[in-house]
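Shared between the two complexes below is chain A, which has chain B as its partner in the first and chain C in the second.
Entry: the complex of A and B
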């Protein structure tokens, strides 16, 4: 199995590399456009539909600092493909270098069970769960700001803070009632 | 994402916590981890639950014609109702129905005449409203309030003969069947909870009735969509009844978000659907001998049933239906649409279908 490993390559100077994984391949494009405009750090954005990544560019691929899984809640397929891609990540990534981003969470047609399932997944992996709005350019901008905060820490560019430390603060927690039985 | 607000009145948290611990034991048999995440569904410690039941009693064919007036039943079935939820009604008395019907007729007549300076024709807008109580649909002894009420609005055409039957232009009902007993008991005095409202007929009349209710009983109406999971529940529950009453077909309509949007109508032969459903339930039925257990259906079985249908479709057409939305489920027993329209064609399964819809309404209610 071709696992993506976090520490097998050397980091670049003042660079941060982010990988956006999304089944629909829409929001990642607008996020990428805003991400590369960052000036204080050189941000390289890689886009993928699912993992595993193709073996051919394994040599030329830089070290990936943060993997973001983007899920659209209105389609079940999105969630399933993100879950299937999780298997191809080296466990070292789950120490703060993976992030889940969810779009379309306020849509009325989304069953609540899907969001709960995403929450449980993020909580069990100790990863942060971000909500984003993909229809307006403002939504992409604000999502990018939050991603950059996490990315800079994950790339080691913020002194005295490591990815693992930040993930302890930002990880998704489950509300205590999520396991309660419901109506009788 | 919106969460239901906790209202001021709360059941004391200690007692509910104790209650829940004992309840969770009975659910442990059906616990199965699915895709690495637990599939149990839960309840917020507020008054209303956030999630539907994870396990549900199978549809039983209630012969309710004995208990319920068959005229009322005939009115309920074979019509398409648009659903909405209602917050609890203040000072609603079942004994005052005659007064309510007079008030509502007067209200509708007044609204219709707004803007007309003089009364041109005598009894042209002859709206007559009758409220009636449908006894016998109350499911549990806990909620004495679970009764159906039915206003029907008749209109008398101008040149009607004396003995011509009046045409009903609008009818509706409010109901609460198998509501959450904790919630119903925790309502303050003076409030009746009839969370499910269905109306069919002219949209103008529906909004008039709603505004009258809002003014008289200080309640709020809101549209109720039947969400994706409930539609799947309905598909599974109706398939479960195939031996007792013939389904004739199981038809599902999916929409896929491509450009231009693709709508897929997926019709399944009832015998095949029944065999698929039985194969999903086979493991469950073999393990438990108890009659009670065999009657209840879990959410995982429903999911597996629908997953089986989807993968069959994928094998033939290479289209994964998980990427789309389920919009409508219909069988000979009834049809349900995502937009909140429901039609029950067979009165035998009314109680269980209405139970499911009552739960949806209680969930969607903001109080």
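Entry: the complex of A and C
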């Protein structure tokens, strides 16, 4: 199985590489356009629909510092595709180099069980869970700011902080009443 | 245009004094210069009203359902029928079949012949409030009709067959609100994509090509999906079909439901796909990977065979029954 490995390549100077995985291939484009505008660090963005990544790109691909799974809560397929891609990541990534991003969480037609399932997944893997708004350019900008914070740490560009340390602070935790039925 | 609007127009024209009609229409400034020139103000008011209504329908052909018919078995001289011959033959044949009928034939700029028929019967004058419109492109076997009752269809079919020098006419199982949609679909006026062994990428993702910092990992897969989707449905702007109907007369097949599967007779149901632009949605399903490629031939038959009504029996998809009449 071709696993994506976190430390098998050398890092670049003042560079951070991020991989955005999204089944719908929509929001990742807007995020990528804002991410590359960052000036203090050179950010390269790789876009994919699912994992595993094609082997032909192995040689040219740089070391991936952060893998972000973007899920649209209004689609069950989105969640299942992200879950299926998880097994193609080397376990080394789950020490602070994986992040989950969820869009459309405010939509009333989303069943609450799906958000709970995403929460449980993120909590069990000790990864942060970010909520983003994908319909406006402001949403992409604010999501990018938060991703850049995590990315810079994961790429080792922030002194005195490591990805593992940050993930201890930002990882998703389950509320104690998650098994209780919700109000509606 | 609905009846009340039509009557309103008639009353307006009747009310306006004859010498004021031309200045009023000029001031209204809604007709193009060509239309204004074609309005002959020495005609009766009734004729002028009809002309205005005809202009309205030609400019707004999407207000009612259009049905496609196909002429079959051409005679030897079918391909050389030209306009004046067609006009004379059609008028004389139709007048032979039904006495009180008013026919107006006009050739449009895009080679389409528009025919407006107001039907009457042996007791009453032609009813101009509910005319039938027929569009035919000469030298093609396609005819498009709207607002035709099933009683009058055989008469129209007979007249069309005789005047176009074919032997028969059949229902093409294609209907839509937009005339341009069914016309473009049948005459394949959209961009076709043919299967090639070495496809050059149809999708040139210009935004990413210009920014080398953004890199699509699975670009080749996406490009081949897009290629297959375009092969099945076409590229660029697609004809705006709004629905596709599949009438299933097949046996029920589901292992988990024994009672239904054991029935001998066919399980009849109708599956309808509806959308503002059906072909565009189907192509997007295939190119974004929601449906796997190669897609089912049932859906790709829509553009391939140019129809949107199918009857599926257990022996495989068959032609819709010949006796089907377009519902009115």
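Quick note on the criterion: the second predicted complex is superposed on the first by the 179 of 184 C-alpha atoms of A that agree within 3 Å, B and C clash if a C-alpha of one lies under 4 Å from a C-alpha of the other, contacts with A are read in each partner's own complex, and residues count from 1 in each chain.
In this text, contacts are C-beta pairs under 8 Å (C-beta built on N, C-alpha and C of every residue); 3 or more make two chains touch, one makes a residue touch a chain.
Everything quoted here is computed from the prediction, not taken from an experiment.
Applying the stated contact rule after C-alpha superposition, one finds that A:105 touches chain B and leaves chain C untouched.
Counting the residues of chain A that each partner touches, chain B and chain C differ, and the larger count belongs to B. By the document's definition of touching, of the two partners only chain B reaches A:117; chain C does not. In the overlay built on the shared chain, the residue A:138 is in contact with neither chain B nor chain C. Looking at the shared chain after the overlay, A:76 reaches chain B, while chain C stays out of its contact range.
After overlaying the two complexes on the shared chain, residue contacts for A:59 are found with neither chain B nor chain C. Overlap of the chain B and chain C interfaces on chain A: residues 77.
Listed in rising order, the residues of chain A touching chain B in the complex are 74-78, 80, 83, 105-106, 108-109, 111-113, 115-117, 120-121, 124, 131, 175, 177-184. Interface residues of chain A facing chain C in the complex, by the touch rule stated above, are 19, 24-25, 29, 32-33, 36, 42-50, 53-54, 56-57, 61, 77.
Chain C contributes residues 207-208, 211, 213-218, 220-222, 288-290 to its touches with chain A in the complex.
On chain B, the positions that touch chain A within their shared complex are 1-2, 20, 23-24, 27, 35-38, 40-45, 49-54, 180-181, 225, 227-229, 257, 320, 322-325, 338, 359.
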